[in-house]
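Have a look at this one.
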């Protein structure tokens, strides 16, 4: 079963998103999206520009994973959430630096970079955005 | 040593993970008398990295804070050096990941990048290198980072202090600086006081030998030489920051050199967060910059086992008031804490031998 | 469409759903296929469409078109696999209908098959099922399929003020229905206490909110009415429709509704010339309790936020006003993912030809099956009607 092995070329292609929350902005209708798409889902235009999205947002909904997929056993339980950034764009990722009992829908969070996958003793490390509570 | 053109710190930043473990809890795990240890070293608790933190993630936060304070566009920074003894990869520089995460060198990616190793003084090494590059007009801005998730061997004396943290300095020309780095000095010898072989998980050390022949000799020699070059004496400084492996050594070496406790205390942060190794003296310096006033002077002397010391004479400028409070200060990181026990500590630090088949961890 | 002859189901066959240790994917597929072909009077088959999601990743086997054709002695026939995550089965049915409607094929065999238990560790099955989600933006971060549905459950509960008990009514009914169904996987009743105390899979989603893992295959022979050999139990496919939504759950406009399910329903009803109130029997995709509820709402059977009341009231029971999943649904009959869509339609076909056995509803005329791929990213609706 290979599905869960870290895909290095794919991770490398997505570094601007995973390290810097690079999204897209439709010059035609103003819609902002994550990730940047080829065609605007709102107006169908191809005039999409890259843009770095805001680093702060709030939790829309969340879950606490108790039954992990392969590769995430060591981190279980961990928290997944849909975050709405300050400009309305939504992203999905883990919450970190927080206990499950502390989570509230609507709480403010900010982006940081943390380890997502470590492929054993000798494989690569994949870092990406996670969200931690804003004090 | 003085650079050809005047350079200084344009922005500084720090980061300390929020988890802590107390000396009492560490002693409990190994059946030791915690009062005996804590009193000897003056460290009550140390910082513990989260399960998803490492030297890169710590360096990222510290550098982000430094760049924000520096009010400089990352594309203008043309060197990024990370000093650490807990590299995520033995071969693959943390510096490149940091450059990518912060767009250092801009879209064109035109920047120098490398990781430095010199035990606990790798961070100040990085500063020396950037001072040289800026001072020689090769670049206008450079980033020096010291960061570590130090490996404390279980049950060992150093487990009480080996902690995690990072500090970063954007160094540039004097006109952009909030604190001028007037001169530096380095003193290096082959002294095997503490080391870690390449594949060893934990470092080895020589107990008593790490004192006089190592820490004290190098700090004293480098500091004395610097003051001689600068034509200064201890009373000329408002603050002195030393490498701080525990709460006692910096006070002792200060006394030996003729500094007072008042000069040392503002930059002494190990009692609260432990020894952050490559970030140790650098977080101390950051803590001082958080409170230093224009016109004040700071002496910083780091120490790295193996062994060596870098000493810096720093003068604070008026510009420091403009940027003091725009990012979290060291005291903010010290105050933000959550306690963990030895079980969570050993899981976060990957000290547990996992069964075969658990690949990712 | 109205002027064309509708496709009909001439024969039906399926295996029991369980962990079939002694049977391979090929064994299951051929068992169901042969049953369906016999049931249809053994017509000449012009094409085979295989519905399956995980054969590559779990069984190391793609190219199921060729595999299944060969397994029933039909090498030479045109045959492909179609994939739409957990809606692969009904996607296969829809494409069979399209082939028959095109008049290029007379009789098409649909086989839905899934062999999940060859992978024995839960973490691996979880990883396999996660391929239905968005790899780069969800799965990379550790999202599992249940975790994404858990967020929908939390969101839906918050929007409509549901308590944990409110989600229990559906799995309890499903288990009750499956007790006398010989092909069902879980044939024991459960109660509210058992439901509430079942272990947490991904907060707030519990074990008893989730369909089990199992193996199974179901098959149909789809043909034109005129071309059917054995015409005493034909059932007409009056209409069908499908629609997609964003792949990732976080990109949805509204987490408390399934837009693709609503669109697919509208399309199917339009083709059939019917309305939601015409349904006599419903097959919903209760892979997770909340999705079952959202199905009922998307099908226009209940108002949004009211599905739990409908189920709690007894109206969804076999004896109720509008029976839902009389064979136990995904929760109790089982959910061999790529095969489920075909099971739903096969069960409806039996119901609409009075051949359903102990689970037979009295005299249903119109049945509807909703099959959901991903967390609502690809939905297929088929409306079946009794042939007089």
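Think of it as A, B and C in the order they're written, each chain with its own count starting at 1.
The rule is short, and it goes like this: contacts are C-beta pairs under 8 Å (C-beta built on N, C-alpha and C of every residue); 3 or more make two chains touch, one makes a residue touch a chain.
Quantities reported herein were computed from a predicted structural model and do not represent experimental measurements.
Peer 1: If you connect every pair of chains that touch, what shape comes out? Choose line, ring, star, complete or other.
Peer 2: Line.
Peer 1: Between A-B and A-C, name the chain pair that shares the greater number of C-beta pairs in contact.
Peer 2: Of A-B and A-C, it is A-C that has more C-beta pairs in contact.
Peer 1: Of all the chains shown, whose C-alpha centre falls nearest the centre of every protein C-alpha atom combined?
Peer 2: Ranked by how close its C-alpha centre lies to the overall one, first comes A.
Peer 1: Express in whole angstrom the distance between the two chain centres, defined as the mean CA positions of chain B and chain C.
Peer 2: Whole-Å distance between the two chain centres: 60.
Peer 1: Using Cα averages as centroids, what's the distance between chain A and chain C in whole Å?
Peer 2: 31
Peer 1: I need the residues of chain A touching at least two other chains; which ones are they?
Peer 2: Expected reply: 70-73, 75, 116-117.
Peer 1: Could you say which residues in chain B touch two or more other chains, in rising order?
Peer 2: There are none in chain B.
Peer 1: For chain C, which residues count as touching chain A in their complex?
Peer 2: 57-58, 119, 121-124, 126-128, 130-131, 136-144, 146-147, 150-151, 154-155, 158, 199-205, 246, 248-251, 255
Peer 1: Per the contact definition, I'd like the list of chain B residues that touch chain A in the complex.
Peer 2: Going through chain B, the ones touching chain A are 18, 50-54, 56-57, 60-61, 88-89, 97, 100-101, 103, 336, 354, 358-361.
Peer 1: Can you check the complex and tell me which residues of chain A touch chain B?
Peer 2: 15, 19-20, 70-75, 96-97, 112-120, 123, 125, 127, 130, 135
Peer 1: Flag every residue of chain A that touches chain C in the complex, lowest number first.
Peer 2: Residues 1-4, 10-11, 14, 34-35, 41, 60-73, 75, 78, 80-82, 90-94, 100, 105, 116-117, 126, 128 of chain A touch chain C in their complex.
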